[in-house]
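Next come two complexes, and both contain subunit A; in the first it sits with subunit B, in the second with subunit C.
This part shows the complex of A and B:
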């Protein structure tokens, strides 16, 4: 009964939504309201105003810099909430199902993972460092790096993963994203401009990609490394099992 | 109706939204509810990103002689990046709460969880009447 009522409700909602979609401007119309108001301003002005060739990176880090800083804080708060609920693993005691399983992952899985992992890490670095001149950026590169580490942890177990990326490194880098964002923003303040202007007058004279590019790269790198470590810590908190006599989280 | 065929991305977004809502409302398993929530989020991302599309558009990246007039709208893409990060964070928090629930009650079925909670609070809670 409950199912029938829900289905009727969802069906009605679906018809209503489809009717709305049918009355919206045609997708891809260059004259539609979404494509006419402020977009030209962003597309034409972004390169000079933000110093990045990728307009999306410019929008994320410059025009919407405060928003992205809040977003970075959101992931960090997410990690804090997960750790508050589940608790941090104790030193050297981490294990999970793949570690205890009597069946080891086959040689094919293990050698494929060890063969692919360097390339995954390299690709994530490329994605972070090329974020301002090609598709990519800090969040994307961090997600790729985290995915590579997840694959490693799935094939070799949490214990090996915890040894490969030592806990002190994770604890130290987790906060990197908000910290670099704030420091770079404060550098603009010190330089006599507004917060998050990516400027530091007097230091920028002889640098060959401009100082602004270096600062953008710094923020991207902070977001990438911090994001990847946050995801790995979330995985560690979620996948580990309580040991028999341990207190509940 | 023609317009709906032109706007097939939007139509797909509406259908995805309904699928996600279905699994949030009907499925008793909490993890499937969270998956449904993620499907709903994805449908919104699809809708907003497709709104920025222009006919024959190119990626909004200068350099290599790309002309600004042909580029697609960069704003929805930047917004969706924010949205994805927030979705990941909320999913992580929700899943950790689910892990805690499973450790406590040994089930992920919402109906059984509600029953467990009722039977647990019935003897103890004397004066908390809340529908």
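This part shows the complex of A and C:
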């Protein structure tokens, strides 16, 4: 009976979703609002208005800056929720995984990770710093960096990962994404411009384009570093050793 | 040609999604799910969204996989049905880990 009810509910939900899908404009429809209103403005004005060559970065960080700032805060809130439920790992007690595992990563895994890790880190930096010219950006680069650190932690143990990226560094940088975003956004207010314009109008005219680019890079760097540290902190909190009286096996 | 490739990828997407959902072995489900992310990343690239492809590959295939594996390490690997659990769990002590 319970199954029938759930199936009916899921079926009804599916029908509703499909109905909404049917009312959306077809993909690539030249008459859709995306193609008739914003796309020309983005493609023609982005480089001049935002100072970024990659239009997507311009859209994400400038035209939709408010949305992105909210999204950045959501990721930070995710970490806060994980910490609220699981708690922060204790100092010196973060070696539960995979050090306690009966199977140690083989020399092949460790050698492969040692070989690949510099390239992964380099690629993540490239993705962050080159994000305003080519595909990529803060979040992508941060995710690549986090994946690299995860691979390192899986091959060499959380204890060594915790030594390589010390806790104080993680705690300090975790909030970097929302903080830099807000500060750089507010920097425009100081100069008399609008929030999130990334530029100080009082700066000399010749400086402005590069100043905008630097502001964009600062935001990207904050998102990248903050995002990577948030992921690492979530892993550390999840893998932490339970308290002595708890379930620790 | 390109349509055929997209169709193959989409079919693979459905197959991996179903396999990940139906598998009782959660570790296998996670590995299949990371394959799903890889296929999804390829599809994003085919839809000319390289930014999303990068994110999908790094987060979907990399980060979440490790987080899921950690969660399994902390709980248990095999999914249990309600009935089976009752039959088995009589004298056994509930174990936090496999």
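Everything that follows uses one rule, which is that the second predicted complex is superposed on the first by the 194 of 249 C-alpha atoms of A that agree within 3 Å, B and C clash if a C-alpha of one lies under 4 Å from a C-alpha of the other, contacts with A are read in each partner's own complex, and residues count from 1 in each chain.
Operating definition for what follows: contacts are C-beta pairs under 8 Å (C-beta built on N, C-alpha and C of every residue); 3 or more make two chains touch, one makes a residue touch a chain.
In this text the structure is predicted, and so the values were computed from the model without any measurement.
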Partner chain in contact with A:171 - subunit B first, subunit C second, else both or neither: neither
Which superposed partner A:127 touches (first subunit B, second subunit C, both, neither): second
First, second, both or neither for A:21, with subunit B first and subunit C second: first
Which superposed partner A:68 touches (first subunit B, second subunit C, both, neither): first
Which superposed partner A:35 touches (first subunit B, second subunit C, both, neither): first
Partner chain(s) touched by A:119 [first = subunit B, second = subunit C, both, neither]: neither
Touching partner for A:151 - first (subunit B), second (subunit C), both, neither: second
Contacts of A:53 with subunit B and subunit C, given as first, second, both or neither: first
Comparing the two partners subunit B and subunit C, which touches a greater set of residues in subunit A: B
On subunit A, the residue positions that both subunit B and subunit C contact, one per complex: 56, 135, 137, 139, 234, 238, 242, 248-249
Complex interface listing, subunit C residues touching subunit A: 50-51, 54-55, 58-59, 62-63, 66-67, 69-71, 73-74, 95-97
Sites on subunit B touched by subunit A in the complex: 1, 3-4, 6-11, 13-15, 17-18, 21-22, 25-26, 50-55, 57, 59-63, 68-69, 71, 73-78, 81-82, 84-86, 88-90, 92-93, 95-97, 99-100, 103
Complex interface listing, subunit A residues touching subunit B: 2-3, 6-7, 9-11, 13-14, 17-18, 20-24, 26-30, 34-35, 38-40, 42-44, 46-47, 53-56, 58-60, 64, 67-68, 71, 74-75, 77-79, 81-82, 85-86, 133-135, 137, 139, 234, 237-238, 242, 248-249
Complex contact set, residues of subunit A against subunit C: 56, 97-98, 101, 127, 135-137, 139-140, 143-144, 146-147, 150-151, 153-154, 231, 234-235, 238-239, 242, 247-249
